[in-house]
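To keep things simple, chains are lettered A, B, C, D and E as they appear, and every chain counts its residues starting from 1.
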Amino acid sequence: MDYSQFLAMKQEIGLLIVFLLVFLYDTFLPQRAGKGLPIVASLLMLVLTVAGFFTCFLGSPDVTAFAGMYATSPVMTAIKNILNIGVVIVLIQSIKWANGELMIMRRGEFYELLLVTLFGMYLMISARHFLLFIIGLESASLPLAAMVAFDKNRYESHEAAVKYILTAVFSSAVFMMGLSFVYALSGSLYFNTIGYAIIGQHSTMLCIAIAFVIAGMGFKLSLVPFHLWTADVYQGAPTSVTSYLSVISKGAAAFAFLVIMAQVFGAVYEHIWSWMLYVLIILTITIGNLFAIRQKNMKRFLAFSSISQAGYIMLGVIADNTMGTAAMMYYILVYICSNLAAFGVIGAIENATGRVSMEDYNGLYKTNPRLSVVMMLAMFSLAGIPPFAGFFSKFFIFTGALAVGTVAIYFLVGIALINTIVSLYYYLLVVKAMFISNEECVIPTFRSACSERLGLWITVAGIVFLGLVSPIYNWLLEITAPIASLFV
Amino acid sequence: MNSVGSIIMYVIITLVMVICSVLAVTTRKILRAATYLLFTLFGAAALYFMLGYEFLGAVQIAVYAGGIVVLFVFAVLLTSRPGDNSEKLTSKSRFLGLVAALAMLGWTGYSLFARSINYAKLPAMDPQTMDEVGETLMGSGIDQYLLPFEAVSVLLLACIIGGVAIARKR
Amino acid sequence: MSIVIPLLILVLPLFMFLFLGLAGCKMSHKLAGWLGCLGMGTTTVLAYITALTYYYNPEFTSAAGERLQVVIFNQTWLQFTDYLVIKLGFLLDPISALLLIVITTISFMVHIYSLGYMEGEKGFQRYYAFLALFTFSMLGLVVATNIFQMYIFWELVGASSYLLIGFYYTKHSAVSASKKAFIVTRFADLGFLLGILILSYYTQTFNFIDMTNNPGGVLMCFEGATFMGCSLLTWALILIFVGGMGKSAMMPLHIWLPDAMEGPTPVSALIHAATMVVAGVYLVARMFPLYALEWNASTFIVVVGAITAFYAAMVACTQIDIKRILAFSTISQIAFMMVSLGVASEGEGIILHHGVGYMASMFHLFTHAMFKALLFLCAGALIHAVHSNDYTHMHGMWRYMPVTHITCLIGCLAIAGIWPFSGFFSKDEILAACYSWSPMVGAWMSMVAALTAFYMFRMYFLIFWWKEHPIHHGHVPHEAPLPMRIPLIFLAAVSCCCGFLHFGHFVSWNRMPYDIHIELGIALSSVGIALCAIFIAWKMYFKENDLPVKMKNMLPRLWDWCYHRFYWDELYMFVTHKIIFNGICRPIAWFDRHIIDGTMNGFAIVTNKCSYAIRGLQSGQVQMYVWIYLIGALILGAIGVLFLLG
Amino acid sequence: MFCCGVYGFITRKNMIAILISLELMLNAVDINFALFNRYLYPGHMEGMFFTLFAIAIAAAETALAIAIIINIFRVTRNVDVQGLDKMKL
Amino acid sequence: MFENLLIYFVVIPVVMLAGLALCQNVKQIRAVAVIGSCCLIGLSTWVLCEYLAMRAAGEDAPMLFCGSWEWFAPLNINLAVGVDGISIAMLMLSSIIVFAGSFASWKIDMPKEFFLWLILLSTGVFGFFISIDLFTMFMFYEVALIPMYLLIGVWGSGRKEYSAMKLTLMLMGGSAFLMLGLIGIYYHSSVDGVHTWNLLQIAQADAIDHDWQRFLFIVTFVGFGVLGAMFPFHTWSPDGHASAPTAVSMLHAGVLMKLGGYGCFRVAIYLMPYAANELAWIFLILTGISVVYGAFSACVQTDLKYINAYSSVSHCGLVLFAILMLNTTAMTGAIMQMLSHGLMTALFFALIGMIYGRTHTRDIREMGGLMQIMPYLSVCYVIAGMASLGLPGLSGFVSEMTIFVGSWEHADAFHRVFTIAACCSIVITAVYILRVVGKLLFGPVQDDHHRKLTDAVWWERLSTVTLILGVALIGCFPNFFVNLIKFTFSPAIFAVLGLN
């Protein structure tokens, strides 16, 4: 036994240390010091992020530990860092909420749970063994159920939690069922081993196994038709949790999904899962958009928008090449910034006035110009309007997908592009509400909290500069280059 | 192990499990459902024992039968209200459920039997010792599970925290 | 010849237009008027110098006595391809020199006349600016070195005509008349344009000299190019002639000209009698060698011209508005010129009777410009006096307006073709040409000539005699002021004597000097017919009597049709409003709004509908969610199998 | 058994009954793993250990789910899952 | 990077944006807008002079002022700029219209936001015209599109929300096609596997195989054609223009619609010459329909802006029509038509906006005799109308004639029929222009309230005079522009097209 192997897991260890510090702070410091917890937690996460970037740039070699159960490489470090950034923003944005009346008793738990889910996501990303992966998956989703239910005063929060936990458990059951088939086929749970074992296996069982695996991951990614929990949960959960759920959780799952599909089932890309994913992408983007059109509640609206965004992210998976991977990571990064900007505004407004309906936003520009400009930037970025980052991420992900070069993929991208128009429609509805519509009872002018503004500034900077500053994407492409061997 | 007796045992155990599970989902009384579940779990444990996974069987009994079912019973008692212990199933949901279940059964059954595994013939296996199990659980080599072990501990901790956070009154 | 004078001839009016147009509103009426006249006067002098130099300076005549075609300057304006280049230039040859004289003379006269006629009108400066613009465009048109330059100025004269007809823009009738004029000529110009395109595609040149000096070469270019059984050259020429028909108000594109009388009367004199409307004739004359090649095209011209001439004469007999009478008379006279050009050749390049038709046409263009301008200006003086266009408000004017009376009489005699007035000479030549082409056409045209004499004298008698002037509201008509009288007298004098010019020495089809000799038979007979017609008119209209009413009742249907101009306007109204406007435009607009736009909106609606249709998926029931989840997963597996197998 | 679980999940109204169905499903997976391990790959113990961990996870899930259900019971005094459709469409 | 003149076409607007963001009051905003647009005009003139000087010195590269700066190196995306005569003409046009547009919106509500969006839009436009890299081109293209939504939605009139949405969605629909096409081009751009976005390199390599060319040609042509208001994708135009505020209509019809034509030429035809040759007939039919159809539709409209919008459909249809004729003359005509239509339609919209600002109606049935009330505006309107119906001496004539002569070079019946149809449009144009002029400006005053309205003020005069000068300049000295443009076609395109 070689316990020094734990040292390979620098980021996970770091995260656990943060978790412990938060835990200790929460447990042992007196009640009134609790107000400081959100800031402390944010700072700690920030430190972790910065440290993570140092590791990244100092060059972290490809490491596998625990006999190949765990692996890390620059790409993984990068995606974890991307998630870290998102978490930092979420934490900053939620400071006000966490210090609110409601959260006095459960402030510490919120942070602890959040960190554990992040830990779970790290495991998902780094796992090279399905058992570890399952544990990561569960750690990433189960505590979230508790977080969803945090808003004790709102009935919706509870309802959301129930829906979430029931579907989560169901989907993990399906996922594990699929795994059991995979196990039956290959006799192993190591990614590599399975990957080799299934070469040339074109059985029905493999199909159903892959379908179940995709379904299980599709739950986390909220791909249609595994997405139905999404809207309800997003709507019901506290805004901070929703934003966390919509970006971080989805981002991690997307990457993990890519790893599974490429490394485990890479051999049957052409034969089986590219087509499954093909159908799923079309369904996801289209249905997500169709639902989003009618939504009046902003959080629900963003839920459906994020469903269709997930479809775009999946284009990076179906691309099955490094360009797609880089584009996907980039997309996740941009998506984190854009979506968090949107949720930041929603959260700020909800905290100040408690209003979340789209009609409430009518005439917002007159009273709160800055917030509405941020919201507009977020919407434009999500819709993929240049010069904001969303345009670049969309363009690159399409470029990545089209590298496949088949007629089918052109068709797929064509459909995705047509859907961008639909999505533009509903994003513009928000812009319209804020800038064009007039309303009697406009949300009054208010000054959002420092922390919220800080969070929004970060996201705005992201939206504006992520695209225009090319080294970011170039760097992602560079670090994904070594994983080319993953793809067929 | 390949005696007719074991095959009969196997059939009996599986039959009990299947029947109990069917009953568990069809009975109207929630408490009975919990009881049927208990039987099913015991059946599973028995199966594990039969397969030679004594440790697993023990864990099954301890955790599932001992822990989870008790939890269920508590929950049932906590949430039941007088006159509410029998529920009516709508025919629509029953139909949908049947469709889903049968489709699932058909699909998975087909794909499983397409593999034509000989279930009647149990291959030979070295009986595992507790040492071996412990070694595997705490080792960091290939097919050893130190890391998941640690990870699952974190998960359990988190679930405890989460449960506490939710269940605690203001 | 230096290029300065010719250049000035063009630039000066343009400058006057810009100057008066931009700075005019800051000037007094008087200043603007005098400036306009000064500019025009200078231009006239320059034009005379140019023309006379051309005619009399031997350097413009070849050794064989042929007058040369001289390109004074030719500046590239727009290069389409290596060969097809629009150049703006100045071509001096017999007909352009002739037209220079005509245009500047009439224009100058009209400028002077307008000082009196337009006095005190709102927009006086604008009026002079437009006159200058018109003069510029018309001069540019006649000196064009290539067909595209002609087309450019052709459009410009159309536009300035539009502006001048619509001068009284607050009047509905003026506005719609101007619109009509523009659109009808625009339509004709489409033909012109297509003709140019066809012609230039095959000949690879726009240049008149290249085309007309080498008709055989042109014919070679069109070798084998036919469309619907006719050579494309024929089509091109006919299409180009259609452009001329529009400008020169030939049937059936004549309908704009009577309405154009809504403009100020001097404008009618300048544009719609003397200069612009003969542009069509000029165009055909310019391309004459090509028309001479194509029997079909020249016959087409003859037929159109002959019908138009008769038609217009018939209509003129019944009109009440004196300007309309003159307008129809103009149409009829221009048709004379057209016929004359048509009958000058027999196709295949064979020129009949020394090309007398060509010469006669140009001669008539010249004389007609003078006497028709004179008549219009007289009409203007009358209208100025009684403030009405209607002869019923005039009658017996001889007593009040002696100068006008005399000059008008001279004009009428000239147009009727009575010796020794100018009309006699030119019309005689035309009739001679017609007879030589086909006696039938000759007879037909003689009949028209008789009708001409009749309706002109009908007008004359009705205005100046018939009965005592009915004096309304104590308003006594007065003689026109001096600036109006001078042009009348001048033009009358010209009309009297210009017939004795040796016109053939200046203009002929092959630019060789040529002696006119009057064919006595035709001359005598036509004068005789004209006198008869005048006599009938005298009988009917000199003194108030009921003969006209009787005549009218004798042929009520004919009179009605003539009076309503054979219902051409109504036909056009029907076609444009009912068929084009209601039958094409409205359906298209409807189609656009409802079908095309409806489709686009339909996409949105369908998307929305879909969105509503599938909302049941999100039922809020977690069990439904799971069910869909599971079925989805199973179907996904099925998809995998499907693609695995197939 | 898995299918029974599916059936139960979809048909039952009581949330606890649904949870029981879920347990059935998880158990089915466990048994699958154990059986596959034993029958197909008797050489190692991967399936068995997977089952082991799965049991732990299932326990955690159940605990949390029950906590949440009790929580909502406190709010609505009801464990009927079909009543949970305040958020939809 | 900054030694290249062209980059300032983007830098100046960006600086203007920054300046506007700092502005405190209306005066400063106006100052920034005016100074900026003057700088742009100056810059484009400078570039023009330099360009002519370089050409005179015998420079015969297809594009001048080329510069390329790495951006997304792994994807070979560069910020590549370069201009030829066409781009310079377009840059001139854009800067003039931005200038005129700034003056036309002198008294707009919320000037800061308005100008911010307007300048963002022009950033996109300028960027588009200087780019020779497909990616940056596309990016600027979209940058130019989206501000329209807010400009129309906030400052528009009538059914503004509907129109703004429709316009944005339809144009974005076009750009969706375009994105597919551009990425497709990228992947087929070279033989040796090193893909490029650079227009010139793609054209030189000419590596796109024919099957792909067909697909990509159609996709890109439709994509740009939507913005060029090609039938049946033109319906955004009437509604959009009708609802847009003055300066936006000007910029949109004047410049933005040109992006379509320019793109069709620069991308669809230049890069896919084989397919262009083979499939031009499809779009010839559509654009031929556009030309006639737009003109007929304009005849019955009663809203001034609708009339003008349909007229734009017709005129822009002519642009695409001419481009598809694939010969020097017609293409030159197309570019001339872009310039001409840009200026005169901007003039039209400016005047309509000014008239609307006074009478508060755009329905020609409710107005009349404006010539008596606001002679200056009316005269300008007549001039614009004359330019539109192709009066010689104004720009419309030059471009239309060039197009017709060029189109006539095809001797087959198919082209002939459509050319004749297109020629017919000039008559119909005359009909609807004169109809409006007659109803609106002439005749008696319809509404007595209108009598007390005032004529144009100085900024309006400045705005219109600029445009009229442009129109007249092209109309009077066309050969200068033709020579500027033509050079582009002669060596470069025919090498590629393999025509003539």
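Definition applied: a residue touches a chain if its C-beta (ideal position, glycine included) is under 8 Å from a C-beta of that chain, and two chains touch if they have at least 3 such contacts.
What you are looking at is a predicted structure, and each value in this text was computed from that prediction instead of being measured.
Shared contact partners of chain B and chain E, listed by label, are A, C.
Here the largest set of C-beta contact pairs joins the chains B-D. Taking the mean of all protein C-alpha atoms as the reference point, the chain centroid lying nearest to it belongs to E.
For the pair chain D and chain E, the distance between C-alpha centroids works out to 63 Å. Inter-chain spacing, taken between the CA centroids of chain A and chain E, is 42 Å.
If each chain is reduced to the centroid of its CA atoms, chain B and chain D end up 8 Å from each other. Centroids of chain C and chain D (each the mean of its C-alpha atoms) stand 95 Å apart. For chain B, the set of residues that touch two or more other chains comprises 93, 96-97, 100, 104, 107-108, 117, 143, 145, 148, 152, 155, 159, 162-163, 166. Each of the following residues of chain D touches two or more other chains: 2, 5-6, 9-11, 18-19, 40, 46, 49, 53, 57, 60-61, 64, 67-69, 71, 81, 84, 86-89. Among all residues of chain A, those that touch two or more other chains are 131, 135, 138, 142, 145-146, 149, 161-163, 166, 170, 177, 184, 204, 207-208, 231-232, 294, 425. Interchain contacts (touch definition given at top) occur between A-B, A-C, A-D, A-E, B-C, B-D, C-D, C-E. Touching chain C in their complex are the following residues of chain E: 166, 169-170, 231-232, 234-236, 238-239, 293, 296-297, 299-301, 328-329, 369, 371-372, 386, 389-393, 397-398, 401-402, 404-406, 408-409, 411, 419-420, 423-424, 426-427, 430-431, 434-435, 438, 441-444, 478-479, 482-483. Touching chain A in their complex are the following residues of chain B: 107-108, 110-112, 114-115, 117, 138-148, 151-152, 154-155, 157-159, 161-166, 168, 170.
Contact residues of chain A toward chain D in the complex are 130-131, 134-135, 138, 142, 145-146, 149, 155-156, 158-163, 165-166, 168-170, 172-173, 176-177, 179-180, 183-184, 187-189, 231-232, 235-236, 294, 300.
By the touch rule above, chain C contacts chain B in their complex via residues 623-624, 627, 630-631, 634, 637.
Chain B contributes residues 93, 96-97, 99-100, 103-104, 107 to its touches with chain C in the complex.
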